[in-house]
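Some structures are shown below for you to check.
The two complexes that follow have subunit A in common; it is paired with subunit B in the first and with subunit C in the second.
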Partner chain A sequence: MTISTISARRRRIPGDLVTAVVIFVVIYSLILAIAPFERNLYSFSNFVLLLMPLAVAVIGTSTVLITGGFDLSVAGTLGLSNVLATVLTSAYPDMGVPITIGILGMGLVVGLLNGVLIVLLGLQAIAVTLASYICMTGVALILLSAPGGSVPIEFTSMFKLSIGGFPAALGALIVLCLLWAYLSRTRFGVTLFSIGSDRQAAVISGMPVRATEVGAYAFAGVMYAIAGLFLTAVTASGDPNAGFPFLLTSFAAVALGMVSFRGGKGSAVAAVFGAGSLIALPKLLFGLQIQDFWSGAILGITILLALSLPLLSRVAKRRRRPAVAAVTDTRSRKDLADVE
Partner chain B sequence: MSNNTLPTDQTGSTILPDPRQETVPRRIGAFFAQPVVIVWMIFVLMFPLSRIVSPNFPSLGQLESTLILGLFLVVVAFGQGFVILTGGFDLSVPQTVALGAFLTGYLANTGWPVLGAIAAATIGCAVMGLINGLLVAHAKFPPFIVTLATGSILGSVLLGVSRGTPAQPSPAALSSLFSGKESFLGVPTPIWALVIFALIAYLIQMRSTIGRRTYAVGNSEIASRVAGVPVSSTLIIVYTFAGISSGLAGIMLLGYSSGADLNIGASWLLPSITAVVVGGSAIRGGAGSYVGTIGGALLLTVLSIDLSAAGASEGVKQILYGVIILIALIAARLGKDTGAART
Partner chain C sequence: MAFIEIKNVSKHFGATRALQRVSLALDRGEIHGLLGENGAGKSTLMKVLSGVITPDEGKVVIDGEVLQHGDPTAAREAGVGIAFQELSSPPNISVAMKLCLRDTPKNVLGMIAQKRLMSHARTILDEYDAPYIPVDALISEVDLATKQQIEIIAGMRDAKRLLVLDEPTAALPDTNWLFARMRHLVTQGTSIIYISHKLQEIEEICSQGTVIRNGRNVGNFKAGKESEKELVELMIGRSFDHTFPKKRDADVRAVEPIVMVNRLSAGKVEDVSFSIYPGEVVGVAALEGQGQHDLFYALAGITPRTGGQVQITRGNARRDTALVPEERKAEALFLQLSSLFNLTVSTLSDLSRVGLVSKKRERALGTARADGVNLPHTMLDKPVSALSGGNQQKVVFGRALSQDPACLILFDPTRGVDVPTKVELYDLIRSYAQSGRAVLMYSTEIPELVGVCDRVLSMHSGQFTGEFTGSLVSESSILTGALNLQSLSARRGTV
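Moving on to the complex of A and B:
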């Protein structure tokens, strides 16, 4: 059972990942083609820094989505992390590292709370995370009633470090992606996917379903906190409502990353590329001299197109070889029987 | 019920009444365990409790302003709740509210009769809902992301078309109707609007064929299909209703605030979901009642009036909102558990 799930997943992921990468590469190469001023390391470095908050956040969002859950607390944790970082670093400019660790702890605690409420009390994920999002916005508003504050340069430069022109943030993102790719192959990861595709079956086969689900929310919470720190580095100020745009963009990015909204399928690495496409899109429109306010429309259309890609490929496949699909189907069933 | 009032056997353990026997206290208990009843009880209790924040409360004026301000949430939450009943979500609420308000104001200012402008705006919002419904029902895209995308498109089209023109002023007739200054039979007109809308919406959701079908689809799409429920057309109609209710809320808001900019709908998305959840609906669909949603909407409104009167900061308000959602969720959960134990 487990073995067939893994092999089935290994076969599936590359397709999603390839699509997400292709969408991103197309958009970014179009930018490079039409905008000469983007063709340098400095612009690329800026792009990476701009991308970081969303890219890290969607690693969390997609991990929860894979379990078949839903996490709206991304906006709350991200905003609170941003406000905490601003308020604390301006009060204690020398405590950058402890503050960073504290904020990561905050993300972990919020994620754990979400997970416990959802898994142990059996409450609905979307409603619980909506409530925790609203609560955290409240806390952020109490700490900082209006956008503003100033973040010491020592703190922002910690996240904007560049090595030989290359942003260290890119390295951090790659490390996070590798970490996720590794995690998805561990027992934890396999359980994640199994919960999403068939919770009952995962419970019956003795997987640590509850612990893994709580773990997914906790992991996501830490990711949102990191995203908030990178946002603070980019904006160098705090905004109690800073998280709100991420409520929608993180799900848009996940859709562009071809992660299934029904659970059991997808890859956080693909979602990171989805985030890349989302951040690159306005740059492309700027390069094409399309007015700013149309970017929402283009974004919406891109999401709908990305959604219809699997649909189109399924239709094409069904037309081309209906027999082959049936054969693989029986074979996988035989695999399953063999393992059992 | 305390333990010593129950009969005990020789070993001292309580003899429980036969669960099949429907006793009166049992029935009363079941009645009060319903989320809808709990919400309305809390709502009614809020009025005497309001005295804590202000010696002028409770008053008739407080009730009046709750109902007037609650109108918009009651209207938006109908569409949101109807969609949630099918297991979906409508994230295009803010932009559809803005479309309703903008179109009405724009057309009325270019010389259309007010009723014509309202009708055109309502149809425009219905089309928006229809598009959502078609994408959800036929393309089988997840509603969450479909409405996110269509909302994003609509918002940007509105921005593009209006070219950042300043806020649309409201036609005078609409303003006088929804500002709450006019009364009919001693009751402010927005409250009449609230009663009429709530009644129609109640009949649609709870008493009509489409309402029944919506519950069926929300419970199990496959079972509904097997049972011969036209799933696709039900979904399309539900999303169209959602578009219409957002549009009507936009038109009413335009009248209430005597003008509208494109951000008019932005603050209604989360409250619309909150009202539905607090009203005891299952967020995965299939269960809930519009009566509960109205209770949830009015409860949130009176709460926000009280908090403002108490001078609470926005932050405290938000935290309380979040906590109330959590309490409602846990209460609904416990109510369901006791209900399950009972049957």
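Moving on to the complex of A and C:
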């Protein structure tokens, strides 16, 4: 084994990421081709802001999925973060930064709690995170009984900052993606993937399995809280049920990002592109003047097509192979007879 | 005081007494054989040593220090290295990562330094005389034997004082490398507990040993003092004749074959042709990774065929083929479910009327099948995971036979199975063939092929290199075919 083959192999970009990026690029280029009014920085900036809540949330969701876990609390944490931000900033308009930090802390605590219940007490992930979703939605309803409230412009502008026309949020998203890429190359990341692939083997190999799993839920909790803050910036109001749509879209985005629901495989960066495709698709349909109620059906078909891409490439490979086998005419029954 | 002392260790799981006051003492640099049927308590003892489980009583003293129980990290720090039989590497990490799990090179940011990791792993592999293992491959990409080899190297690296090897040759047929590494390790002052079913290996490598049965010490032996028969009787606690069933008398190849394979290609298999006749047990002998896996799994319809034809004359059989796969836990069994369920699940249509599964019929049929493979009825309601390896394999056999296949396909059917169960399985194989069906069998143990098969095909690099019948079915001739002569020296420079 020479060094060159090793480094060549290591630089191999995962197929999932390529697929997710290609799907996004295709959809977004079509939008640009069809709709002239999308071809400006302002529209792009709006797109990024619209994308942010989902994109940040799926970084968390896919991290948990990679460990083989499951996390429905995305909707609860996101909604609670939105309501807390609305209620607190209306009451204390000058306290934007401490409130932001406090909300991130809330996400961390919820994630840690999920992780402890699931990992240390051995409760089922779906049940625990479903309960914490319902519980947080309840708390959000206590704090804000109906959609509304007004968020001071100082707070929303903190998240909608633009530098030379470019949204600072895009920078934040890139930083989060880089953070994830960094984490996945640390021991924490390797452990994350190992657990999802074979938990027992990871335990026997002496990896810090439980700490890593709790860490994944905690990390996800913080991501959901950030997502809620960006949602608040976009809507400039609070809604105790704001998280609900994310319950399904975050998993749809993860599917479009080719992250394995069985664990052990996938990339949160690809899931972010999946989120991008998901947000861009309705724009494309609008540009094509397809009526809005088609979007669900088309979205579903897009997800199925994306998931079947690896299958199609495998079929194509198999088609090519018999020809090769037929040409290499080697030992047959006759040779065997000679051996006898 | 001995270097390693295991004193009166007991452990029970529910009503099962896995270990009852087991004691063992090893000198520094001693290789100690541990013999016992599956379910005798060997793996429980190993889990105590590795810190995975806490014993109810007793202690382990290593070089004067009492081992802290129930803490894998403490065991490792005390210098205990373990190579598990159930391979313990996550499949999606690289070989290098597995080897360097505890001393992963990192850069200043805390990220894993891949280049240093690879070169570090290569140094390790060179040091352990296995430079042919690719460090950058994923664990899932290397074959079973290599996985086991990596497992052993990782265990040896931890083993400053004690190494425990659990049936290492079940997946690693080449003992030369292993024994050389073991001998090297003991010169450095590490003691080794060597668990194996293969008595010849115990004789070859161990200076003395212990036999355990039903969780108790039942005897100690010195190498070369006891006969194989005596040891086996000690293991199973009764007299026992270690023989193979009588082979078929006449060559019945005049009749039409059941299986006709014509120029089959699949995976590593290239253009292979052969037939199996009614009543015949055909063996395949090969070194690890020569395409036998693809051949067997292609015939069972799992590995996709890329060329050629397979024609199976089903006759009055119910299915074309049934497979006893390589890894029973991963590929065959529903581990959490009962033996009864596992025995009957392949033939649900026998148990159901208008789609409803009848519990009564399930029990009747399952009981009959348990009788067919000599599985005690007390095992029927236990989850299969609670059974010993031998009994688990009986369940796998029972299910395969229940499908009444024209050709029974057995991939290393006695892997990790205790000696008495092996003999029962040999009888089952023979009697199935005698009922007029075909059997195709691969085994990592060539003596087993010699004992069981009417005809043996040797395989190398995806092709057959020889066919042996009658008196030619001998260890030496089959080995020549499996090694394919000159490729041997290129392989590892060993015989």
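Everything that follows uses one rule, which is that the second predicted complex is superposed on the first by the 303 of 340 C-alpha atoms of A that agree within 3 Å, B and C clash if a C-alpha of one lies under 4 Å from a C-alpha of the other, contacts with A are read in each partner's own complex, and residues count from 1 in each chain.
As a working rule, a contact is a pair of C-beta atoms (placed from the backbone, for glycine too) under 8 Å apart; a residue touches a chain by one contact, two chains touch by 3 or more.
Quantities reported herein were computed from a predicted structural model and do not represent experimental measurements.
Once chain A of one complex is fitted onto chain A of the other, the partner contacts of A:V190 are limited to subunit C, with no touch recorded for subunit B.
Applying the stated contact rule after C-alpha superposition, one finds that A:G206 touches subunit C and leaves subunit B untouched.
By the touch criterion stated above, A:Y182 is placed in contact with subunit C alone, subunit B being left untouched.
Look at A:I142: by the touch rule set out above, it reaches subunit B but stays clear of subunit C. Legend: residue contacts after superposition of the two complexes on their common chain; A:G264 is shown touching subunit C, with no touch to subunit B.
Looking at the shared chain after the overlay, A:D198 reaches subunit C, while subunit B stays out of its contact range.
Applying the stated contact rule after C-alpha superposition, one finds that A:V87 touches neither subunit B nor subunit C.
Judged by the document's definition of touching, no subunit A residue lies at the interface with subunit B and also at the interface with subunit C. Those residues of subunit B that touch subunit A in the complex are listed here as 91, 135, 139-142, 144-146, 148-153, 155-157, 159-160, 164, 270, 273-274, 277, 282-284, 313-323, 325-326, 329-330, 333. Residues 1, 5-7, 9-10, 182, 185-187, 190, 193-198, 200-202, 204-207, 264-265, 318, 321-322, 325-326, 328-333, 336, 339-340 of subunit A are the ones touching subunit C in the complex. Touching subunit B in their complex are the following residues of subunit A: 70, 117, 121-124, 126-128, 130-143, 145, 240, 248, 251-252, 255, 261-262, 291, 293-301, 303-304, 307-308, 311. Contact residues of subunit C toward subunit A in the complex are 52, 72-73, 76, 84, 86-93, 97-98, 101-102, 104, 106, 109-112, 114-115, 118, 122, 134-136, 154, 262-263, 265, 270-274, 304, 306-307, 463-467, 469.
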